[in-house]
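Please go over the structures that come below.
Look for subunit A in each of the two complexes below; its partner is subunit B in the first and subunit C in the second.
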Partner chain A sequence: MQAFDCAIVGAGPAGMCAAIELARAGVQVAVLDRAPRAGGQIYRSAANSPVPDVAALGADYAAGAALISEFEQVNLTHFTGADAWHLGDDGRILFSHEGNTQELRCREMLLCPGAMERPMPIPGWTLPGVMTAGAAQVMLKSDAIVAEGAIFAGSGPLLYLIVAQYLRLGVPVTALVDTTPRQHYLDAAPHLLRALRHSGQLRKGLALLREIRTSGVAIHSVAERLKVVGDNKAEGLRFVAAGRQHEITADTVFLHHGVQPNLNMTRAMDLDHQWNSEQMCWQVSADDFGQSSIEHVSVAGDGAGIVGADGARAEGRLAALNILRRLGHLSRAERDQKAVKDLSVLSSIKSFRRFIDCLYRPTDALRLPRDPETLVCRCEEQSLDDLRKGFDQGAQDPNTLKALTRCGMGPCQGRQCGHVVAGLLAQWRDEHPETIGYYRLRSPQRLLTLDELSRYHTVQVEAAE
Partner chain B sequence: MFRSLQYDDRDQVTLTINGWEVAAREGQTVWSAMAVNGQVETRRAALSGDARSAYCAMGVCFECMVEIDGLPNQQACLRRVSEGMNVTTQRITEESEADDAGL
Partner chain C sequence: MKADVLVIGGGIQGCATAFHLARQGVSVIVVEKDYAGRHASGVNAGGVRLLGRDMAEVPLSKTSMEMWQTLDDDLGHDTGFRRHSLINIAVDDADLGALQVREDKMRAAGYTHERIIDRSELMDRLPHVNPDCVGGVISDLDGYAIPYKATAAFRRAAEDLGAQVVESEEVLGLRRIGNVWLAQGRQHRYEAETVVNCAGAWADRIALLIGDNVPLSHAAPMLMITARMPHFAKPVVGAVSRQLSFKQFENGTVLIGGGAKGFADRANNRTRLDYSKLAAACRTTAEFFPIMHKASINRMWAGLEAYMPDNLPVLGPAVNAARAFHAFGFSAHGFQMAPVVGQVLADLVTGGHSRFNLSPFRIDRFDRKVL
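== the complex of A and B ==
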């Protein structure tokens, strides 16, 4: 079977920018993405938005449309609606496409799995009506659907962005419950000077906060002890702020305290990972060009460590330059010379990120559950108390705890509980997360029917083009 | 309360959600069609039978698993509506599985 020169998994900003570079250099590229159109989460539907007043979503989102259009004009094979469920270090990719499993082979593989919302296991977080702020964004961008009278709770730029977008669209917001601790402003201050290298982003962020403050929406700052109230569905949010307890009624509560890499693909490939203590999450260990511990596998974008959309674009281009070197299209010196600009862009973005990461660092109170009844594993319904009992019985690492309690064994394959379990074990053992490790993940990375597997089919490079 | 910002009704398809016939725009996700029609309960939790609903809306939490045309474990946030589609809240729990085993 003939192989593609390079297969890219994920068509967000990183995947699109890499694909454009590679295709323009004459490389045979296959791009696989689950969505019907390229864009990833950040530029989802940017080229064909169903939102009547799309300008309300902001200039950064609008900029995605130009990138999507550039991507769609280059010569490559784009599999839309393609859900990759096995990636082999032999260059073999298995993916679901229109109800069938297909196989393709590639010489170089670039993984751009993107970010997911950091789970926020507060009491009541499994009630219907509790969703992530990212979910509010997804519904707005892909289907122009909004929740009226919602509460937004947590901390971080994405939370403020969606609140501002709702307000611009005239969607009533019941309250913004901000959990950013006062101490974080002091902690972040030393990083401010370096963040000013990226002053455009800083100005945008400040303008966003001002827009929310002057809108008249109820804002509760330095909120603690959050709990979603309700029996069979969310009925409101209880919290402590300004020295007293509040309870606000709402049928929808959107939670947010940052994003983390979506690890399942890179973990199932068994790439080396490391703990990022500033972002409080695992990320792939890679060099400046995204080359991982398996030399023909590269990573780029938020899936390799949170850098944001502009950082993802730069990382995608850098990964492409290195892949061109590996495929013999560029010498090392040519690669390095072409990389100068993006390496410098990335360094300035990372200075800004350090400030943001410090200011909106997830607090232990929201990252790890405190109430014994709160579920950690949403799929297998394992609570903090259940996990502690497992730990006390001798399950001291994520895999043993999984075997003993089924925590992480459900359909989400640990996507929601993985970081929480690692965090709890680190706390209980008083050890570094690197020592604790993570679940051992395996393919398939999505739910498959035997019927689908029986209709297995191989993609030939010529036929695909 | 979820609502749509779209004010026209072009490209509509008709589907059934928990027995209710509803209209939705072609290409829309099954979850969003459920949400605007007030059918937010996607599944029952496997052990307790508690009501669950979509949490992430982007395919990573698996809370929105519904039954579509009789096939269970379909992620409503990833599937798109189509004409005549039949969507129901997934009620498969340990208890119901034990019942089925006796058949």
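== the complex of A and C ==
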């Protein structure tokens, strides 16, 4: 046998749940993930946490350990440390593994690329000492490293979660600078009733906020005009709140204002995408089972539109059910019958999301840079001013602007600046993001050395028992 | 829309033609089905190469090379051209023998721009080359330019002189009625006395509308570019008998070509890569330049390029219609020729002749072949 029945890229909650479902049905599954152990970002190191008091990270994180253990017990081929850098619509996946390039073939492909944090290009955001809340999470989960006396600025559940985790672990936090505009509470209110369908999440969120409020940490609400101060490194944060200007000193500033799908895989595959106006980002166009515009390619989890970890689990199982149908293991009726519960879970999660998305909707002030000097493309060091000049020279869509200014051509392949550049062009042209489009992306989706590519091997699939 | 000349294809040849025509006061419209520089012109390796040209091309290529030296000033826009020389490396005596044969032929024709270098000069010029290499051949006038920038420079220079470029405009129909060409585009209708076919990988379709058949094929030469590296090679590098080709740009990135081809999906306006062939290109590059082993590849791509069976372009008048001209099929080495091609076409359009011998580039040169 030369091909796997299904290859899953990404072993977060969506990928793991799909893999479990498929493997239990007797399908030959390959799972590729960059990390040494499954979990994805949300459950990173959940099964082998270096944090002594792992309960401080919360019950959701602890639940990840159980899923990882279930995943590790099913019969499948799991390539750890496998960095997929080319996904072909012909069912071919190329990935770096132990210094070699491996080629693998599959009939069905499930992409679970997960989410990434929305860049927050405020003045000073590229100074050393400025990181994202997600980076704080990675350091904590992977290596039990924390930054004492940091400022956390922005808005959204992930920001509050890391602040609460720090506080539980006794790590001093200098301030929480919350940028949620007052208007957003009013805008979100009409969605509250439907969000109550998923009252567990809502209760957890409120408890988190209460925990931070009662901890005594300085909280500045409705903050605006944020600027990281410092010459060669972050020395503090300046902002306006409650009618006056503040400046707080800190060596570390963690920024966060929500997450968006990591588009590089799905865009490089040329899947159809659509603009999600509630989440202010692009996402893959897919049906209820995650089937994309290329029928043998499915997507699940945050990489297909932000749904959170529980939503990702449901989407992973749904995608698996549809893949089982496509492989002839289930009839359409069987698939639909097995899908009822997860479809209903997903629907209630999405009601909750609508409330959260509205409350923490990224503001233009934080989503798009305003200071001409602010860098937009960090890899190629292109500032707002550079891009505007390119635009004025006639480069009015993402690809011509890229060709002219080199924005998005660096090692991150536009992962960081893609949404910002598209957002700026939409603003300058006063047109809808759908009209503007996005970068045309190419493989490889990570830097790979000439040595890695020159050692090119094909994965042989063992015959099914 | 009306103009003296309608140029079909907004690649570098079309934009250069528009520039030279506009400079002579001719009104010109360029129609481009995607955007200017979208295909081969914008995504090629940027080599500005006179070295190793087919004898039939040498006069054109030589003139073009002279034009490149002052092109930025002539256009008033930056093409990114750098004259850093080009060296083709010889790995053994057979390579050196081939170089000697070539040099004798060039000298006999009166050309002196290619010069054989020995191993020690090779090592001086390329200190990181594998010491097993035995010599090479150099052309000092050669170098590189930035493809998209160069195409955009011609386009803007043409626009500065009054030419119009209409993008997202595919030509669906083309007819000669009386003394004018009528073109039906997706957006507009055009009327022009003269039509110039610079449609690259799609030029056979335009030729057919004009009335000329041509055995054009298309392919997708692949390229890779690395992340920035310390500077280690100033000249553009090739090899006499191996698929090796790279250049290091001023920002430190290294562009690796070599001619390996991916899959040209012309119907869908896109290309696919053949990664196992790129893997071979990596091996060759690192074999010649061990410093490249740890270089990191940042992007890989391919462009849609038009090829003729003899790897020589079509350049000259249409044979089956009046007031129509062709320039296409450059077979992956047309970028350097653009300045002179624009000049040749402008001369043909305005005066009916060129000072160059264009007979090797006739569109009907394969018609006369008999089995």
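Assume the second predicted complex is superposed on the first by the 461 of 465 C-alpha atoms of A that agree within 3 Å, B and C clash if a C-alpha of one lies under 4 Å from a C-alpha of the other, contacts with A are read in each partner's own complex, and residues count from 1 in each chain.
Note that a contact is a pair of C-beta atoms (placed from the backbone, for glycine too) under 8 Å apart; a residue touches a chain by one contact, two chains touch by 3 or more.
This is a predicted model, so every value here is computed, not measured.
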_One more residue to check, A:103. First (subunit B), second (subunit C), both or neither?_
second
*Go through the superposed model and pick first if A:444 touches only subunit B, second if only subunit C, both, or neither.*
second
*Classify the contacts of A:190 with the two partner chains as first (subunit B alone), second (subunit C alone), both, or neither.*
neither
*Of subunit B and subunit C, which one contacts the greater number of residues in subunit A?*
B
*Thinking of the overlay built on chain A, is A:142 touched by subunit B (first), by subunit C (second), by both, or by neither?*
first
*Would you check which partner chain A:172 touches, where first means subunit B only, second means subunit C only, and both and neither mean what they say?*
neither
*Should A:410 be classified as contacting the first partner (subunit B), the second (subunit C), both, or neither?*
both
*asked:* On the A-aligned overlay, A:36 touches which partner chain: subunit B = first, subunit C = second, or both, or neither?
replied: first
*asked:* So subunit A touches subunit B in one structure and subunit C in the other; where do those two contact lists coincide?
replied: 410-411, 447, 449
_Could you list, by residue number, the parts of subunit A that touch subunit B in their complex?_
34, 36, 41, 50-53, 116-117, 126-132, 134-135, 138-140, 142-149, 169, 232-233, 251-252, 262, 378-381, 410-412, 415-416, 447, 449
*In the complex formed with subunit C, which residues of subunit A make contact?*
86, 88, 94, 101, 103, 270, 399-400, 403-404, 409-411, 413, 442-444, 447-451, 453-456
*Hey, which residues of subunit C end up touching subunit A in the complex?*
35, 37, 42, 148-149, 152, 226-227, 270, 272-273, 275-276, 278-280, 282-283, 285-286, 292-301
*Which positions of subunit B touch subunit A when the two form their complex?*
1-7, 25, 27-29, 31-32, 35-36, 40-41, 45-48, 50-63, 65, 71, 73, 75, 77-78, 80
